[in-house]
Every structure is written in C-alpha cells, then in structure tokens.
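Take a look at the structures listed below.
There are two complexes below, and they share subunit A, which is joined by subunit B in the first and by subunit C in the second.
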Partner chain A sequence: MTIKTVPDTRPERDAAPVAELPRKRRRAGLNGSRWAAAGFAAPLVVYLLAFYAYPLIRSIDLSVHDYTVRAFVQGNAEFVGLQNYIDVVTSPLFGQALGNTVVFVVGSLIFQYAIGLALAVFFRNSFRLSGILRALFLVPWLLPLIVSGSTWAWMLNSDNGIVNSFLQAFGIGQINWLTSPDTSMIAVIIANIWLGIPFNLVILYSGLQSIPEDVYEAASLDGAGAWRQFWSITFPLLRPVSAITLLLGLVYTLKVVDIIWVMTSGGPANSTTTLAIWSYREAFGTGQPDLSPAAAVGNILIIIALIFGFIYLKMQRRQENS
Partner chain B sequence: MTARRPWWKTMLGIVFTALMLFPVYWMVNVSFTKTQDLRLSPPHIFPTDPTLDGYTEVLRQQLPNLGTSLLIGLGCVALTLVIAAPAGYAIALLNMRGGRTLNFVLLVAQMIPGVVMAMGFYAIYVRLGLLNSVGGLILADSTIAVPFGVLLFTAFMSGLPRELLQAARIDGAGAWRTFISVVMPLSRNSALTVALFAFLWAWSDFVFASTLARNSVLKPVTLGIYSYIGNNTTQWNAIMATAVVASIPAAILLIVAQRYVAAGVTAGAVKD
Partner chain C sequence: MITKKLRAPIVVAVAALAVGALAGCTGSGGGDAAATDSAGGTYTWWDPYPQHEEGSDWANRVQACGTEAGVTIERTAYDTTSLTNQALLSAQEGTSPDVILLDNPAVSTLADTGMLTTTDELGLDTSGLDANLLAAGELDGSDYGVPIGANTLALYYNADILTAAGVDPASITSWSALSDALAKVTAAGHKGITFAGINTEEGSFQFLPWFWGSGADLTQLDSPEAVKALTLWTDWVKQGYAPQSVIGNSQNTSWEEFITGDFAFAENGTWQVDSAAKQSFATGVIELPAIDSGVAPAPTGGEFITAPVQKDTSRYETTKKIVDCMTTPEGFVETANTFAYYIPPTSDGQSKLLEEHPELTTWVSAVKAAKGRTSDNLGTDYPLISEQLWTAVQSALSGASTPQDALTAAQQAASAATNGK
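Up next is the complex of A and B:
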C-alpha cells in the first residue's frame, strides 16, 4: 500500500554497456511522456480545483464574514476578519468539543486497530469457511452509517434495548447509554469501533498477505512460537501498513458526523459534541443556519487534521529513506 | 494452503463472526417484530411471530428514494473512474512532474471533513441553483471517492512490472494505447475496488444529502430513513425494515464482489 515515487526506475550512470540500448530508449520514452502525463492528470487537477479548492475557499470566505440568512441571499455579508474564530475559540463549548473529539478519536482508533489486527492474524492462514467468514466481517462497513446508527440507538435504548436486557441478566442495573452524559460518549465510541473493525481488518489482512511465507517458515524452524512470530515478524513488517491504516482511521474518525448525529445529535448536554458535530449543528442542525461560526469550527478541524497529516508524511518519508 | 488445525479455527471464526454481526441480525429481528412486542422485556431473541407490516409500509414510501440512491451511486462510480484511473497512470507510470505534490494534495484532500465541504458546496450551490438536484449531489458525493481512487490506482499501477510497459513502448504503443490496452486490463481489479467503494460511499452518504438535498423531491434513501426516524419514534420495526431494505444492495454488492476487493488489494504484492 505504500506509495512509491518514481526515482527508483532511473538508470545508474555507471551501468554495464550491454544494457545501454534499452536504457536509452526508456529514458527517451519517459521524457517524451511528460506531456502525456500532464494530459492524463489534467482531469484530476481541474476536478480538484473545482470541487475541492473552490468549496474550501468558499468555506474560508464564510468564516471571515458574518453571513446571516438574509446576507446569504443578497450577498452583502459584512467582513469581520477573525472575529468568528475568536468567538468560537473563547466559547465555553470549544474546550469541551475538543476534549470530546480527542476521546472519541483515540478511543475508537485503539480498539479498531487492536481488534482488526487480531482478526487479520486470525484469518491469515486460510481454514475451512475462512473466506466466507471474512466476507461477512465486511458487512458492517457497507451498511449506510445512518442504518448502523439507528440500529445501535435501538440496541442501546434504556428501557427496551437488547444490551440492557442482556446486562440485566447478569444483575447489572439499567444504564442510560444515550440519555446520560456519563455514558453517551462510550455508547457512540462502541458503535464507531464496530464500524471501523472491517476497514482495519481488510487493510491489515492484505498487508499480512505481502509478508512472504518463508519468513515464517524460517522463524518456526528456529523455534519461534506464534506469539514470538507476531512480535518479531508480523508487527514490525506490518508497520508501514499500520501507519497508513491508523492515519486513514484518524482522518475518517475526525470527520465522523453521521453516526453521532443519528445516535445522540451531540447530546445530552453536549457530552458527544465533537468539533465536526458542533460545526454540522451550527450550519444545518437547527432551523436557523448559522454558517459563519460553523465554517470557523470546520476550518479549525481541518487544521487539526493537517497537523496529523504532516506528522504522518514525515514518518512515511523516514521509512522510505531507511 | 491447507491449514493444520482447521476445525477449531472454523468454530472460533463462526463465534467471532456471529458476535460481529449481531447488530445486523438484531436489525432484521426487530424489523419483523410486531409493534406491541417491541416494548417486551426481555425482548424476543427470534422473530417467533413475524409480521411484514414494516416492510409493506417501507416499500410503499421508500421505493423512489432507493431509485434515487442507485442513480447517484452509479453516477459517482462513472465520474470517479474517469478521473482517477488516468491520474493514477500519470503519477505511477508516466513519471509525471509534480506527481509527488499531487499525491500530497490527495492525502490532504482526504483529510478535509465532509461538513466543511458541505458548507462550501452549499454556498456555491445556492448561487448556481444546484441545491436539491441529483446532479449536484453526484458531484458532491464523488469528492469522497476520487482521492481514494487515485491513491489506490497509483499504488497498484506502480507495482506493475516495468518490463511489460517497456515492451509495449518498444512495440510502438503510445501513452494512450499503453493505458487502454495494457495498464487498464491489468488494473481491472483495482477499478472494481474503486467502483465498489465509490458506489457504497455515495449510497451511504448522509452529510451531503442532508445539507444539499434537504428539500429535494428526489431524496436518497439515507435521508428517507432519517426523516422516517424523526416522524416515527415509536415504530422501530418500520424504521429497522427501512434500514434492512437500504442495506440489501450494499450487502449484495459486497458478497458478490468481495473476491475482487481482496484480489485488487493483494495483487499489488506481486512484484519484485
């Protein structure tokens, strides 16, 4: 899954003369294809400008103006500079939303990755029915989030949910999963872990498949058991794939709106209001769309995502160099 | 590759899968439960006395929405493939200038939260009159899949044997010819994988649908379910029936195409 860049195809200068002819040809071909490359990439570049850059510019534009509904239609919103950002950051909700985001992301990622990896190792060597079972594991991933969200909401219902009636069989009293501020975050994290396991399983499983079998054979000839093999072969060799899995997981989790919105709408008492939920609620969650502060929150979220993105890219570069 | 201890692993695998799929089972179970049995404690574990009331209701109300979702999903697949496959080819195999930068931009693009994109699209669509249109929703939904598509094509194509491409060039094939007759046939599984995800993400999208198509005549099914929940907080059997119906196409698609997903991802491993 690592994205290799081109330089490794370039011929070395002191190559043997026998290989000179095809190498020259290749270099000419590569130079000649520069324009072709630009042509093939052109639709993407246009697309990115029109459907990524432009909406982003619009959202920055929203965040530095005071867009009321009327100003939106008339197009004469007042320029307020960074005032929306100042309002958002000094709002008492900001610290809470940031904390909720951290708890939601870290809680989800740790369990998704650990369970996904354990299952990937479990499925590594095929056994009877393993293909079908692995396919079934992907089902939660494909369900629309709104479907999973409403299913979990009903399962975690205080009075009639299956989870509470199961717990009651063990003498545990009623837990108000979604209606108590103490447990609502745990509830949405549980649902989100469930959603993320298939993704982790697929990526990590495919990573495991690219570890050559003879490495394991050599290790077991040397007397390494399954536990030892995992920590000295699987885990280290899987590190690049793990990094990608966790980064993508982080990105997806930071953005999560649907599942929380369907289950709790950010409540009760903002206990599940992440930055993404806050932004969504300000913009579209109430009858009165308040796009300017919503855009400010959203843009802060982008900055957080980018910080992690740069950490990841630096990490990846170091891996390529070593 | 036959396993040494197949049967206990199979048993364990079945237990894991059952645990994992329990919520899905529960959704189906509740969808068949009669309204007066919904409040039973403890609830029925099996639909002993099933009813189809939820489903008849759902099919009457949600059929147009399912059609809309299908249309949006297919539109997104087409758009994503047309943009992502050539771009992957340019970055992976044509030694494109700025390929590294483009990869970087795509990684960054994937990090942008849907909420922010939705606000940007909303502001643009208000002016262009694209709110509540299927076309506008296809364009917006495709932004979920395009960066992923390009990165996947790039990763797979850079694993293709270079000798094959050199042979094509020596035979006089140009960049376009090589793309169509050599690279794309080899990348079939990647294309299927990208198409699969583009479809599923568009089908499942709620954020764009709930912001850009709130008052649309043609609603995607996710929005149908959401407004259904808002109106029927007591009839969970009907809500779950809608959920089951909305899940069927996605589930079929995965079961049918699952081997392509696996093949597409692992095929990249067959290289030096």
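Up next is the complex of A and C:
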C-alpha cells in the first residue's frame, strides 16, 4: 500500500513554492492572537519536552552518576563526573566495540545503498508486475525483527542451516557463520543488508521520480548509453537524496541492537559486540543492570550520530550556496 | 477540509477520547493506590509466569491463598527479566507490591537495594527448608525469601541410541565415562551431546555443573580445575561430540536439537520432564557426573517468594499468611503439580511428591545436590562473575582463545568488576 504514495513525494526544492502560501497566512495569524499560537504550539512543546528532552537529560544524568542497583532504588547515586566515560573508553572492550561498529555500519551502508540504488534504477522502467515485485522487496521491512532475526540465525546454523547445506552441495565445507569469531560479523552484516535494502529502495526510487524524463530523452538523442546515463544524469542528480538516505541509514545502523542480539547476542567472544550491543548488554543483558556505563556508551553513540548530522548539514549548506 | 456539518461530531468524539484517556489515567492511579492502602483489603502479587493466565490453576491457587488470609489478591505477571526491572522501578517510586516471586539469582541483587524484607522481619519459619536451596536467597547472613520450588539440570539421554550403541547409562559416573560413551555413539553414526553455551546467564547456568564438578570455585575462574572443565567442553566441540551450534544455543534450542532424536545426550532442566516423556523415542535421565566419580552439583533454578518493604508495616501480617499458605508441604506439592517441573524445597514436600510421582527420584536427588549460584556469599558479585564466565566459555568454544587464556582473561575482568574480591 505504500507504493502508490511514493511517486507523490517530491524533494524539497520542488515543494518550496507551494509552502510559501501557508507561511504568509500563518504570519498574519500570529499578529492576531499570540495566545492562540502559543496554545497550538503547547502540545508539541510538551511532547518534545516529555519525550525528547527529558530522556536525553535523564540519560546524561545516569551517565555522570554511579547508579548501582542499590543507588537506583534509594535515589542517592554518587556524582562521579566523567568517570563512567573514562571507564568506558579505557575498557579493553571499547576499541573492539568501536571497530566492530565501524565495520558493521560501513559494511551495511555500502551494500544497502548500492543494492538499493541498483534496484531503484531497475524499477524505474515500469514493466508488467513491477509494482508487485517492488512490493515484495518491502517484505523485510514489514516482518517483525524477531522473526527475520530468528530465521536468519536458523538459515545460517552451522550444522543444519540451509545456507551451509547449499554451500556443501558445491563442495564448500562447513562455515560456522554464527559460531566462529571470524565469520559472525559477516553473517550479521548480511542479515542487516537484507533488512536495509527496502528503505534504500523506497527513498532512492522516489528520488528518481523527481529527475525529469526529458533529460534522459535528450541524453539518448545525444547517443548516451544506459551506463553513461546513470553516471552522468541519475547519480549526480540523485546526490541530495543519496546524502539523506546515507545519513538516515547511518543513524539507524549505528543503533541496531535487535538483529545482532537475536542472532548472536554480541558473541562469540564479543566479535559482534557493537557499541549499541554493549550498551544494551550492560543495562539489560546481565542479571545486574549497570545503567551508568550503559548510558555513557549510549551517549557516545548519540555524539557520533550528531557529528555525522553536522557534516551532512555543512555539506548541504555548501551545496545550496554553490 | 472539515465541513461545518462534521465539526460538531468531531468535537464530541475528541472530548469523549479525552475523557476516556483521563479515566484511564485515574484507573491505573487507583490501582497503585490500592497497593499502599492498608484498608483496601487488596494485596498485590507479581510473578514471572505470564503463561498462566487469569483463571488458570496457578492464578486460582494464588487467589485461594488470598481468600484464606481474608483479602483479595491482584496478580500481575511479567516475564523474568522485566519483572526485575519493574520491581526496581516500583521500589524507586515507593509502590512495591506486597509479594514478588523472584528468580533466585535476582533475590540477592534486589535484597542489596534494601527493598526486600528478611524472613525474620516477616516472622517466617525457614527451619524445614533445604539449606542448599535457601542459600540462594541469603545475603550477609539474612534470608530474603523462601523458595517455592526448585529445578535444576541433569543429563537426559536417548535410550534407543544408547542401547543400540551398547552404552549403559548407569555406568556414566565420571567425565571419562561420559566421553567414552560419546565416542561410542558418534562412532555408531549418531550425534553426541547438546547443551547451551549461549552468551547469557543460561550459558553460565549450563557450564556450572562441569565447573563445580571439577572442584573449581567461582572466586577463582582460572584455577587448573576450571581449565579442565572448559577443556572438556571445548574438546567435545573439537572432536565433533557436540555440534557447533552449542555456542549460540539457548536451553530451548538445545532441547529442540535433542528431540529431533539424533542426539544421545542433552544437558537440560527439570522443566523438560513432560516434553521428554512425550517423545517418540525412549528417554531417561541421569545426574550430571563429576570429574572423577559421583555427582556434580548443578545450579539451582526456581523462584523465591519475597515480600518487599512496605511503608505500612501492618500489612506484613497478612503477607505472612499468604506466604505461609504457599509454603506448606501440601502447598509445595500443589505448586509442583501445577507447574509440572518444580521440586519442593523441603523433605516433607519432596517425600509427598515422590509418593505421587516416583519417576522424579533422579530430580529430587539432583535438587538435593544442587547449589545456589549466589551462594558462598557471592550475592551481588555473582552476575559480574557469571558474565565473565560465559564470555570465557564463548571464547574457548569458538576457538578465539584457548581455555586457559580465556579463563585467565575472565578472572582478570571479574576481579576488576568485583573490586578484587
């Protein structure tokens, strides 16, 4: 059902003149009654404070105190400043978790984006059943993660998994996908790529709709082949959409917990422990909730995501200026 | 666009929604108030059994104990992990329920926060209880709850496979005997043994019988005995006696492997007794062997009945009645029957249960030999040590490091986490 609405979305540049009208009207209303304006804004402000500001502040609060389980109940956690962050960063697990996070994010993003873009270009030429096919590609998005995660874990099972029995049919020996520290990261990346393709496909496909058809016609009159058209028209004109797709993908992938947790719980031997998994495990994965270090790791993740957000904004501003 | 005609009904609908939402708020607020209101005659009860719904045998039994004490019980079920978190949150808010049934390793963690009453404060008689089971709820010399039943691990076997391979289960009383048996069944074309080596508490739970069975101690993870235990598991995987999947197996997945009928042995718990009886192949169960001879202590599982601290101490009297009702010998047997996998924690209860179910003899004796994970006054240090232990198991099984290196690293991390204790 999502497919029908996709072509209607337009990138911001086209939408700008349309947005002009309501903005003017709103300005007139503001002079009329400031109270009404405040009243209308209040629910949003309350919502933002309750669901965005408070959790963020609470998370920072958790990370600068030493919240043991006892302190959590009695509410007398000792203020330790940045000690939790220092502990986290100097922990032997930090380097490994950071490395794993980089591998996981970069590996996932490159393939999600490349495959998503290839599929989007492929579906640009409408053909019979293309709608249904495109809808089928969205299935990974619709499945509950616990289902897809368990199914992947089951398919990649060392002894009875379908992937290994397929490989063995071609004479390739048993690969211990999830139980060997050498391949477990590849296994969870493969699952995560599969999960991320629909998202990339949908956004990039809608981006393609905004590239005018006549550009392609002109190009083909000039004798440009499909390959040339892609690199000279599609790819450059899609750059703003690609940037936002990659940024959103980065933020989503940084905080992925569920798929890894279901498939390997960060193991074996921490080989799939990303920062997000580490944070989750500290807080909820052991018998003893360690909320302070968990919050510290979580906040480090937020900072990493923010850095990339700023890089994106800077890139966008430079593009607008040029 | 909203037309004028539509506007009035929409306003009504929105108003109705708002009122409904507000009513919902006060509704739940009322529930919380009941928890602390002594005159209400309603006592709150939390347990980790969401599979037993309202109207089930278990729910009725809880309610009956309330009726006997002259109050109504409001029962809420959470799954095991969220129960601990909910309990912590409610204690922070000062709205603890009157009774919580807690998974035993969580008892000392919560007791350490000061949110649980001791059995002395409540005036409970714990003299009849098996000391090894009670110890799991002990912290600094005080008991913080009463086990309502216990389960533990033992070694299930596929009798058809063992007979065909010529292995007598009764002869398996040491590690070498078990390894010989595994060699025989795998030579006969079957799979050997399955267990759960997952990197969660379940992994430690399953490894502990071998760890303790070698004579190792949780305060010294890298002792030579501990290395022997981990080497045993690692060799099984290396030699193909155990499948690669044990590294990621939970106890459920491991059990599913066993009930395919391909495996000769499975390390699993009391809760699978019913399932084992239902299989198309003949099954049996023996106690887990220790390194040289005899039985290895397996960790105890099962819930404790605990009473969180209340502002209004006059509630304890009724709470005690409810707890007493659950912990009579008849009560224990009834609990055991309701769950089909609980061994009563008292000798009286155990002999009553055996009269009804003589086939549970192995389990009663396994529970008697079992040991609490938080015993030896490890208390709140246990979860920290356990995390390092399962990490070491994972490292060794997956070949990332040798058993010796894995356990040395685990001991270093564990003593850092527990401040050198």
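Simple rule for what comes next: the second predicted complex is superposed on the first by the 280 of 322 C-alpha atoms of A that agree within 3 Å, B and C clash if a C-alpha of one lies under 4 Å from a C-alpha of the other, contacts with A are read in each partner's own complex, and residues count from 1 in each chain.
By definition in this document, a contact is a pair of C-beta atoms (placed from the backbone, for glycine too) under 8 Å apart; a residue touches a chain by one contact, two chains touch by 3 or more.
Computed from a predicted structure; not experimentally measured.
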item: Which of subunit B and subunit C A:S158 touches, first, second, both or neither; value: second
item: Touched subunit A residues, subunit B compared with subunit C; value: B
item: Touched partner set for A:Q288, first subunit B, second subunit C, both or neither; value: second
item: Touching partner for A:N270 - first (subunit B), second (subunit C), both, neither; value: second
item: First, second, both or neither for A:F122, with subunit B first and subunit C second; value: first
item: Partner chain(s) touched by A:S130 [first = subunit B, second = subunit C, both, neither]; value: first
item: Touched partner set for A:R70, first subunit B, second subunit C, both or neither; value: second
item: Touched partner set for A:N321, first subunit B, second subunit C, both or neither; value: neither
item: Touched partner set for A:L178, first subunit B, second subunit C, both or neither; value: second
item: Doubly contacted subunit A residues - partners subunit C and subunit B; value: 72-73, 159-160, 284
item: Residue ranges of subunit B in contact with subunit A within the complex; value: 1, 3, 5-7, 9-10, 12-14, 16-17, 20-21, 23-24, 26-27, 30, 38-43, 82-84, 86-87, 89-91, 94-97, 99-100, 102-105, 107-124, 126, 139-140, 142-143, 146, 150-151, 154-155, 158, 162, 166, 169-170, 174-176, 179, 200, 203-204, 206-207, 210-211, 214, 221-222, 225-226, 229, 236, 239-240, 243, 246-247, 250-251, 253-255, 258-259, 261-262, 265-266, 268-269
item: Residue ranges of subunit A in contact with subunit B within the complex; value: 1-6, 9, 22, 25-26, 29-30, 33-34, 36-41, 43-45, 47-48, 51-52, 54-59, 61-62, 72-73, 119, 122-123, 125-131, 133, 135-140, 142-148, 150-152, 154-155, 159-160, 162, 165, 168-169, 194, 197, 202-203, 206, 209-210, 248, 251, 254-255, 257-258, 261-262, 276, 279-280, 283-284, 291, 294-295, 298-299, 301-302, 305-306, 308-309, 312-313
item: Touch list for subunit C against partner subunit A, complex; value: 81, 84-85, 88, 91-92, 105-106, 109-110, 112-115, 198-201, 243-245, 247-248, 380, 382-384, 386-387, 391, 394-395, 397-401, 406
item: Interface residues, subunit A side, partner subunit C - complex; value: 69-70, 72-75, 153, 157-160, 174, 176, 178-181, 264-271, 284-289
